[in-house]
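After this come two complexes, each holding chain A, first together with chain B and then together with chain C.
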Partner chain A sequence: MNRKRAVLLGLLASLSVFMSGCWSERQLTDMAIVSAVGIDQDEEGKYVASYQFFNPGNIAGGLQGGGGGQSPPVAVYTATGDSIMEVHGNMSKKVSREPYYSHANLIVISDELAEKEGIASVLDAFSRGSQFRVTTTVVIARDVKAKDLMTTLTALDKVPSQKIMDTLETTEKAMGENINIDLQEVIRGLVSPGKEPLISGFTVKGDVKEGKKQESLQATDLPMTIEADGNAVFKNGKLVDWIDGSGARSVLWVLDRVESTTITIKWADKKDAVSYRVVRQKTNVSADIKGGKPRISVGIHMEGDIGEVRVPIELKDPDVLEKVEKEIREQTRKEIEQAIRRAQKNKTDVFGFGEVFHQAEPKEWKKVKKSWEDSIFPNLNVEVKVEAYVRRTGLRNNSYLSDIKSEQE
Partner chain B sequence: MYKNHFLGKSEGKKSRKVGGAMSPFFKGKKKAAPTQPVDPMPGSITSNLQKNLDVIKQTFGNSPDIIIRPLKTGFAKVDAAVIYVQGLVDSQLLNDFLLESLMKNDFPYDNQPSPEMLDNLSDVVIALGGVTKEKEWSKLLESLLGGATLIFIDGIGEALAVASTQGGETRSISEPSTQSVIRGSREGFTENIATNISMVRRIIKSPDLWIESMKIGTQTHTDVSIMYMNNLAESDVVEEVRKRLKKINIDSVLESGYIEQLIEDQPASPFPQVYFTERPDVIAGNLLEGRIAIFVNGTPFVLLVPVVFLQFFQTPDDYYFRFDIATATRFLRIIIFFISLVGPAIYIAAASFHQEMIPTQLMLILASQRETVPFPAIFEALIMELTFEILREAGLRMPKAIGSTVSIVGGLVIGQSAVQAGIVSPPMVIVVAITAIASFATPSFSVAISVRLLRFAFMGLAAAFGFFGIIIGLIMLTVHLCSLRSFGVPYMAPFAPYRSAEFGDAVVRAPWWATKKRPALSNPENMEREGEAQMPAPPQSRVIKNKSTEKGNEDES
Partner chain C sequence: MEKAKISPRQLFMLIVLFELGSSIIIPVGLTAKQDAWLAVLGGMVGGLLLFLLYHKVGSYYPGLVPTEYMPKIWGPFLGNIFAFLYVIYLFYLAARVLRDFGEMLVMFAYPETPLFIINLLWMILVVYTVRKGIEALARTGEILFVVLFILAMASLLLLIFNGSIDTRNLQPVFEEGPLPLVKAIGETVFFPFGEIVFFTMILPYINDSKKTKRAGLYALILSGLILSVTMAINLSVLGYSLLARTNFPLLATIQTIELAEFLQRLDVFFIIGVVIGGFFKITILFYVAVMGTTSLFKVEKPEQLVFPLGFITLFLSVGIASSFPEHIQEGLDIVPMYLHLPFQVIFPLLLLVGAFLRNRHKQKSSG
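Here is the complex of A and B:
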């Protein structure tokens, strides 16, 4: 009796394994691994999504593949639809395997779509689906279609999406002129009334058509390159402006996202005479109320080395160094103030001053919340304080330029 | 602490003997276990020599290895016979000290065969130890089969059994092949129980090393001895071992594996609950921690009880090497355990359920390699594991001379061709190979083989439920391990139950100068292991002395 019952129990238990087991199983060979998604909009207002799929055999090489390089490392399929989910459905008509999004690390949205319809309505599907990661990087295709960024092949990194991500990461670290922002941060920026998202732009320079072909990779100087190009500024989810160069860096200064960058200053009437390499920086943004009006103070503290001098300069002299430091301070402050003025003109709070004010004065914030972007932020009193220190002058003290000049005299 | 694990309390210590000198005499003195029907021939011998010899011949069916050597002894040249089993006796000893003395014996008072004559023979003539007078047939036959020589004299209703003629060919002591160490004794146990016991006694020279012996097996009458430190072992555990051994009623014991399977706590568990070793130093070390050794004649593998799970991951050199090295190796072995348990299972789960957990680059490599493989991951893994098990089994059973063929066939056919043909993917080969090496690196073969069994169960779970299944399996495994007992001692000690005092010899091996106490399974009255302040230190004065600091020797030239 007892034994029978045990056997029955065992049978039932094993049934649960054999009947329910494996339902969510999917083999590697049954899936098409998506590496990036690019979204354009056609004339009728439909979404045109280009999926960049990994072509594993051509990336990993290995024994059977006969070595990569014969055919492209990625394949791009395009489908249209009124919504992202419809695109996903239509994609199955073209792709033999089920798209698998867990390894997608890039979303590209065309500037056209971002200007006309805005990015907000596109991103919901990506943040809702369980496969898509919220840490996926988001970029805007500037002056090209999102599809072009999907199809253009690249040299060092075999996979274009990987190249875009790595480029963004590298340039953010080295120059601080482009922002590496992920899906989660974009959505947070979109919903916050005190902050607007800033999204890096990418473009294709050169021949877009040639860029699709594997043969174009045979050259050392490629006919096309994917490049980081400015940052898109949004207002109410729509693209309103692009900021480039030092303006973009100023925004990143305030957002405390600059890791290292190079500041060049004027010396002895020569432009860009001294280059200062920032190695450590910290930004503090604080808010308070002065005279019944919100006031923002930005404090930047930076330390760095002299990277290059192009004029004879007495770097051994502490007074001279102090002067250099002062010059750097002025330069940075001016740049930042300029960037703030431009943002105020656009009425877009890309710096997140609203959020800072929210945290500092929660009660006041409730009163100004509605009107922050349109009336308060443009007239905001922002005080910028910069501290800069030269810690080292590199392997040299005075430049050899000083010696050359003195001999000529 | 362990007392409450036993339901029955011991009835006091009985029949313990203090093992004397290192002689093999105990064999003849042993009493058969009461439960065993060992009396093949009731009754006593008669005073008629010819009749007695006929009985022996009949009993053994005229087996030619039972040698009956008739002779005349004493002044009166009385008829006598010497009986022994060829090969079980030392013939040199027999000839020089027994046959010769008996034949040359002309002790003047023995004119008539009388019971005193046997005493005289024993006292004056036979220059050998272990002489006993017997008349029971059963006792006589038992000692005869144990290697003793019997002396029958016509007209006397008793016989002499000379136990110390025991000898014959045995394997000499050699290096143990199953538990090799880098540092440590090179001695391994042999098939001879007397030699084995003496090897341990040579290490622990203490009168507290007690030995009890018994015979198990209604046909084989195999000698089984238990050995323990009387002052260190818990008497309850000793009593439990004694009880379980006494309970055994089986026709034969050919190896200690018979005993192991008959006395373990939970026969349904895949995990070994009795430790076996070929090394006397391991036995000595464990006896000193309060464990009990079970020696079985005819095998070099000596059993140890009670054991804990971690013991199967420890090697003798752990204690011989410096503690930091030993600790690092022990950590490595825990990792090895998990690799050999769930290595392929993790691969299967990741490749068929959780692709999002694999880093993209690695995922692409896996995907590209699996592109041509026609099977799902689980079948691929099963094929490879099965192939490996076949190879392993073949390598184990094949003569050494053709062993290399197996490795060539295995290496070429499986490693190279299967991958090139696209039947299995290279990552799978790597996973299986690492798992295989890991399972060989486990110090204890008995755990390695049970882990090998469980690995297949884990592969099945992984194929059905992914990581979820693996975790369920691990939880069930943990519960099972924690529920196991070895002779009342919790198997997962010192983790469950948690005993922080014993962590010095668990995964970490504390240095010897910090190992103050014995483990909790020893006798609680005798826990001190070493004296105070055992930590070595440099000498007090740390001044470096050399010539130039000495005065009066400043002449540098």
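Here is the complex of A and C:
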């Protein structure tokens, strides 16, 4: 009995060796946790990838004193290679620890690479590997190298990649002029014959060299800032155009991704006189066939408040509000139609009209699938209908401007 | 056969766990593209018919398993040969499923661990469970069924609140006409619904045999509905093109959850579900394979066979294919046509005819 017990005990003890998951154990101190990956291309066509690693001791900082301030919260290493996996291998020559990608939440691709080679060939490794996440955000470095976005330090958020993601999220919500798109959506856009991806651009304004130094952060007005800057338009995986400002907002509007934004309209011959704050909006895109040709209808419904007026205007009067609404409708429709015309000129269906048409008219789609982008989409008949409602005027009705003016007269 | 009894309720849960075990993690019925979820429902109806067929055959020989009544219907010589082939089929399927789950774990969670080690760990657990018998397995099923249910509900709610479900991805319906749909239904009848055939080895254990039919039918309907909803969600979250390129769609779907900045990377939901489902799938298959061998060779103590057969299955699982794509290719092209079709449809039909003729004869001679 005793011997049996001893054998059992021995067996149990051996379990701790075989079943504790030590096969490919990794200690925290053996890993370098990647926060973002930036990809450039050198003259020979090789990929130059910059990895932004967390520098754990310098992020915590705070109460213990010491910590932050001594050295930057992140460290950037650069390696080259013909493929992403080769870069990963070459990285080991420079980094003492093994890169760990599970916490990487940002991929930056330089505009140069996106224009010349296209983004398609870069992304496979990221979607195939089990460490990378499909929800990783993708942005394009505009007019700067992807590496510059990796190396530039930022003030409010200690980790630059976090700053880029948060900026994108905030501005998509507040302005609706930049799109926050993840790896999975980019790939879906690349694959679909009826849709092209739209990827937000980011740039560094100011002194890139100063931006790498920790001392630069010892100022209230930093010598450099990372900013969202337009949206890259792709065709067949290659960057062909940038759309900014209201054009970009129009695209997001059609894609139903605008959460809130501000529309300024002309009033009494003064430009940008009245600001209208959109509180909620909904876009419906539908497709049908008219006269043997595909037709797309875009219907936008928005509600909001008056946010600011710069001219005297009788806001108490519902009739005046109706005129304001009409003006908003007209302007939005014009902006959107302009954006559509531009996309048609580029022959890039960033709106995903092809997908909508596919879903509505599968049989017709089969006939036009191949020629959609190059011959159907550029001549597509798109009907835009906008409904806008002013619900409230904030805490004031008529502006004090009305009284100042009338006294002067 | 061991002396054990399980209740119809336990049978119900075992069938659901078995049917969903592997089908829920891999793409099913994708021939029909975005109509895959409809194909699953169609396949379910086929599965119900097959189950009625198996139940009918079994009802001629209450208390006996197929390897026992095959010789009675076809005569000892032919019947034993077929029973032997049937046992081989069971072992092959057990090895296949073991390979499926081993590969899944290696690919997703343990890239540097050899497949053999992962499968070995699976097999240790499975052998242990089978030695404990069907009653222990059924009780385990009752507990883990609830765990899985909670996980599934939590994932569903998170996906809805996450806003990643876009039902437009399910359109257009019937894009290519009815042909691909019919083809996809044909696939889903065999896998996963036709796999209910393995339960013919377990049906004699039910303590309340009147309720067996109802439990089986309800279990198939529930599995069909869950699987169909899962496919519909996978499709509407990922879209067909992305789904077709992933090895494990459910994993990709769960990975899209990113709620309130912190509810994200819930891959562990998937892993827990997979391990529970895989455990039942492998264990049930291996159990019926062992029981088939026991009854065929009239072994008195089934426990003695468990270890050696476990090793055979383990080595078989590593040897049947040299790579994952090859394994999947075999599963899609060869297995349904040359294994599922005869063993799930043709032989049971022949058995039914044989059983019918023999018993009519018997009744006449006795009366």
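The working rule: the second predicted complex is superposed on the first by the 385 of 409 C-alpha atoms of A that agree within 3 Å, B and C clash if a C-alpha of one lies under 4 Å from a C-alpha of the other, contacts with A are read in each partner's own complex, and residues count from 1 in each chain.
In this section, contacts are C-beta pairs under 8 Å (C-beta built on N, C-alpha and C of every residue); 3 or more make two chains touch, one makes a residue touch a chain.
Just so you know, these numbers come straight off a predicted model, no measurement behind them.
Peer 1: Per the overlay, which chain contacts more chain A residues, chain B or chain C?
Peer 2: B
Peer 1: Scan A:24 for contacts with chain B and chain C and give back first, second, both or neither.
Peer 2: In the superposed model, A:24 contacts both chain B and chain C.
Peer 1: Which of the two partners, first being chain B and second being chain C, lies in contact with A:299: first, second, both, or neither?
Peer 2: In the superposition, A:299 touches no partner, neither chain B nor chain C.
Peer 1: After superposition on the shared chain, which partner residues are touched by A:135: those of chain B (first), chain C (second), both, or neither?
Peer 2: second
Peer 1: Which partner chains sit in contact with A:100 here, chain B, chain C, both or neither? Use first/second/both/neither.
Peer 2: First partner only.
Peer 1: Quick one: is A:56 in contact with chain B, with chain C, with both, or with neither? Answer first, second, both or neither.
Peer 2: first
Peer 1: Kindly classify A:33 by the partners it touches after superposition: chain B alone (first), chain C alone (second), both, or neither?
Peer 2: A:33 sits against chain B, while chain C stays out of touch.
Peer 1: Do chain B and chain C touch any of the same residues on chain A, and if so, which?
Peer 2: Residues common to the chain A contacts of chain C and of chain B are 24, 102, listed in rising order.
Peer 1: Flag every residue of chain A that touches chain C in the complex, lowest number first.
Peer 2: 19, 23-24, 102, 130, 133-135, 184, 187-188, 191-192, 358-362
Peer 1: What part of chain A is in contact with chain B in the complex they form?
Peer 2: Listed in rising order, the residues of chain A that touch chain B are 17-18, 21-22, 24-29, 31, 33, 35, 54, 56-65, 100, 102-103, 105, 131.
Peer 1: Inside the complex, what are the residues of chain B that reach chain A?
Peer 2: By the definition above, chain B touches chain A via 351-353, 355-356, 360, 363-373, 376-377, 419-420, 422, 426, 460, 463-466.
Peer 1: Considering the complex alone, what residue numbers of chain C touch chain A?
Peer 2: Per the touch definition, chain C meets chain A at residues 107-113, 117, 121, 168, 171-172, 175, 238-239, 241-242, 252, 255-256, 258, 264-265.
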